[in-house]
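Letters are used for the chains, namely A, B and C, taken in the order the chains are written, and counting of residues starts over at 1 for each.
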Amino acid sequence: MVDGRFFEDFTLGEEINHATPRTMSAGDAALYQALYGGRHLLNSSHPHATRHGYHDRPLDDWLVFHIVFGKTVPDISRHAIANLGYAEGLFRQPVYVGDTLSARSTVIGLRANSNGKSGIVMVRSRGENQNGETVLEYVRWVMVHKRDPESPAPEAHMPELAEFVAADALVPPTGSFADWDSIASGSDRRFGDYAIGEKLSHCPQSGGGTTLEEAEHMMATRLYQNTAQVHFDGLAQSQTRFGKRLIYGGHIISHARAMSFNGLENALGVAALNSGTHAAPAFAGDTIYAWSEICDKAEAVGRDDIGALRVRHYVQKNAALPQTTSALSAQPEEATADSSLILQLDCWLWIPR
Amino acid sequence: MVDGRFFEDFTLGEEINHATPRTMSAGDAALYQALYGGRHLLNSSHPHATRHGYHDRPLDDWLVFHIVFGKTVPDISRHAIANLGYAEGLFRQPVYVGDTLSARSTVIGLRANSNGKSGIVMVRSRGENQNGETVLEYVRWVMVHKRDPESPAPEAHMPELAEFVAADALVPPTGSFADWDSIASGSDRRFGDYAIGEKLSHCPQSGGGTTLEEAEHMMATRLYQNTAQVHFDGLAQSQTRFGKRLIYGGHIISHARAMSFNGLENALGVAALNSGTHAAPAFAGDTIYAWSEICDKAEAVGRDDIGALRVRHYVQKNAALPQTTSALSAQPEEATADSSLILQLDCWLWIPR
Amino acid sequence: MVDGRFFEDFTLGEEINHATPRTMSAGDAALYQALYGGRHLLNSSHPHATRHGYHDRPLDDWLVFHIVFGKTVPDISRHAIANLGYAEGLFRQPVYVGDTLSARSTVIGLRANSNGKSGIVMVRSRGENQNGETVLEYVRWVMVHKRDPESPAPEAHMPELAEFVAADALVPPTGSFADWDSIASGSDRRFGDYAIGEKLSHCPQSGGGTTLEEAEHMMATRLYQNTAQVHFDGLAQSQTRFGKRLIYGGHIISHARAMSFNGLENALGVAALNSGTHAAPAFAGDTIYAWSEICDKAEAVGRDDIGALRVRHYVQKNAALPQTTSALSAQPEEATADSSLILQLDCWLWIPR
């Protein structure tokens, strides 16, 4: 649907095949590197990636997510008012340079808003490679405008979602991490070194944040072939309540992952996206800071080389993080009227034991 | 000629071999993606490109154009006052990652201006791949400073140029497009769905424009190894009548192609550049919008799978497009004193039938 | 050492293996192209590179330097006050797409400052490829904070460094340059065409500078996985005496190399880094200009196809270069209170005879 679906254009159970399949290249990976500056070993070093069973350096999991997400935008969220949340995201297998990603979504929930002007659409989206294998799936729900306020409301149906992905549903990487190289990775902190409830600053020095730039977030968002105009049209945005271009929320997620290297150096990759909230918009000129809480730990079935950490990433803007762990514990975990919190993202991460 | 040619340095019939040959890479294609955000299927999906007879995803035609054009700048337009026009541009074959492009130009027209300070130079430039095959040729003419106002004027010679490339001179892609995948491409609008005279907005929602950034246009222009200093030296430009860096006109062309996806989703690629005018300069901070008119349609000789659309792209700045087709028809097609028109570009495009 | 070493954490003779190994890709090379706009033939054209004995286009020498340098930052200079100098830098062999670079450093000098708050650390850093071959080595020294002013000062030891690398220590490229293509390279100026003491403007036209952008220097610095926060955190920097983000000095070096194409078109690559001083910081919005002095010339042992030029590059900001050679000679070569000089970099460069 070239001009995008309004709320009344969605049907429960409908499956939507999204344009445009995208072959991933070494250039995509390099741009991602230049945009976020990650230093995680598997994404950086071919010899280390292949030693652990990968065919090549895997692409960063969030790059894969953004490519799949971008494809869904013209069909799902061109007329969206807000991206309300994510759940049940599962990263099923690595994606490499040369793979071609396509995306499709199933409408799994619909509920008209009582104001008659909009409704909530929930979809389960899947990213597939050229072999038809699902590499990633996740649920998201968005508030979408109605074209016609008089159009009848569909029967409301909104499935219950798991608060987080069950640990035994995670799909571990197939290689062995028994001989993980802690010197090459930059840290010897492993599964056993993290405690549930522990809070980690990813900006351990005073400062350590990143100031966002228009050119960067727009290049990122175009790299993902995400065409949501709120990110690009400064003139149209000047007439909105924000007054300026909004930064794609996924841009903040990727910065959080790269920043989380300080403290989570050995986090191999993302196993699951449990939940996520873009608590407030980000704009060029904002400076962002990230910290995380260890929410849970899980063994990987039949594996003594890796485990999973359930980590909640927090990103705040324009306020540096406190420099002590106790002060960090006092940071707000929910957006409030005067909070600087812009992202809360709950993930399972793989890490060597 | 290291320091660039002035008007009196050009000789009619002279052939100029331009430095520097350039091997194209997956990184070039990814940067181009990040700079413009295109979604055309053949450039995006390896499986679809090879299904239609390409060896790999072809590089975007305008990326090829800019690389060839960039090579000509040090010899042809280092001392140019203005880039006056293009004509008889023909895209002869696809260019792939791994190909090496070089460029040469023949001086086909010269005419001194009556003011004695400058003259017009017309060249036919050719881009060749590593096998010596011409991949692209086009005519452009520029106004160039004289080094010495007293130097004698050459005999004026300025060839007549075709208003547009004849349809039977176009070089169609060699593969078959009989099984074109309209779901993957994002639209089922094909050759038969366009009418001569039809006008298409490429920004169909309110907004839909792109705000230009210094970092983006400079990265683009350096990617093309185009060294024209007006794009880079903000200090020197602050002392000109513009007061700021000028954006390479080709940067606008590439944005127009990417924006034209909305409405021309299945335009496979560019067959010919018939004419082009940079009606006014663009600067960082400007927001641009694109629309097109279908000027003509042509069958491809011996082919029932594709046809050619002659399309005139218009790019305007800092004024959103009207939201109705009738209002679009009232948009100015020529630059006027208060017009926001910055580009008019007449092309033949291939499209499946 | 995850949080970075303070002065008292360094031990003379200590060897430090730096994280994170990095596999170089075509995307890295393309980004480098887009950031600096170089046109040197060997880095641009695969057919020319392989004709002269390379396996592929070599990566730009400074890209290799920045990647190696970036790896040393978390261990060596996270708590640095200033990067004081470079010496004895030797580029030993080309690096290609697909190579994996890692870095290690040996502490070769230590001296506490009399103020008790800091000290000077000198390291010899080596970049190695996946075969354990050293591709690059260099000495640098930095002033580093002490964690504890009361910590005892180590015995001072600071080795004498060569003023420049001896010509017979340079490692020439292995291929032959007897049939160098001066048309493809853009100039016929070769070894014999340069005189010791000659000064070259790399911005031969009025203007010809480059204005620096936040998005560009940050993308560059993240591409190099260099995490020094002074380049990224605009909020923290607003509270320093500079008031804004500092640009990584290596970003200026790479601009100087690309600008030096005008005048040193045939400089094949960098043989040695003799010395370098970042005389003053650079910021987004600054416009930079480069010129060079030919300091020395040397034959390559047993080679009649190439020679080495010892060239001192100067980069100044916010003041265009004079347009005559005599005026260029009057440019200041040392930073002074009101000087605009920001970089002085002394290198050996290979060039065909």
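Some points to look at:
In this section, contacts are C-beta pairs under 8 Å (C-beta built on N, C-alpha and C of every residue); 3 or more make two chains touch, one makes a residue touch a chain.
Please read these numbers as outputs of a predicted model, since none were measured by experiment.
Relative orientation of subunit B with respect to subunit C corresponds to a rotation of 120°, obtained by superposing CA atoms and rounded to a multiple of 5. Interface residue usage between subunit A and subunit C, two copies of one sequence, is largely distinct: under half of the residue numbers at the contact are used by both copies. Subunit C has its Cα centroid 36 Å from the Cα centroid of subunit A. The set of subunit A residues that touch two or more partner chains comprises 25-28, 30-31, 213-216. Those residues of subunit C that touch subunit B in the complex are listed here as 25-31, 33-41, 44-48, 57, 183-187, 189, 203-211, 213-216, 262, 265, 285, 287, 318, 320.
Against subunit A, in their complex, subunit C makes its touches with residues 2-4, 17, 19-23, 25-28, 30-31, 74, 78, 97-98, 100, 102, 130, 213-216, 218-223, 225, 227, 229-230, 232-237, 245.
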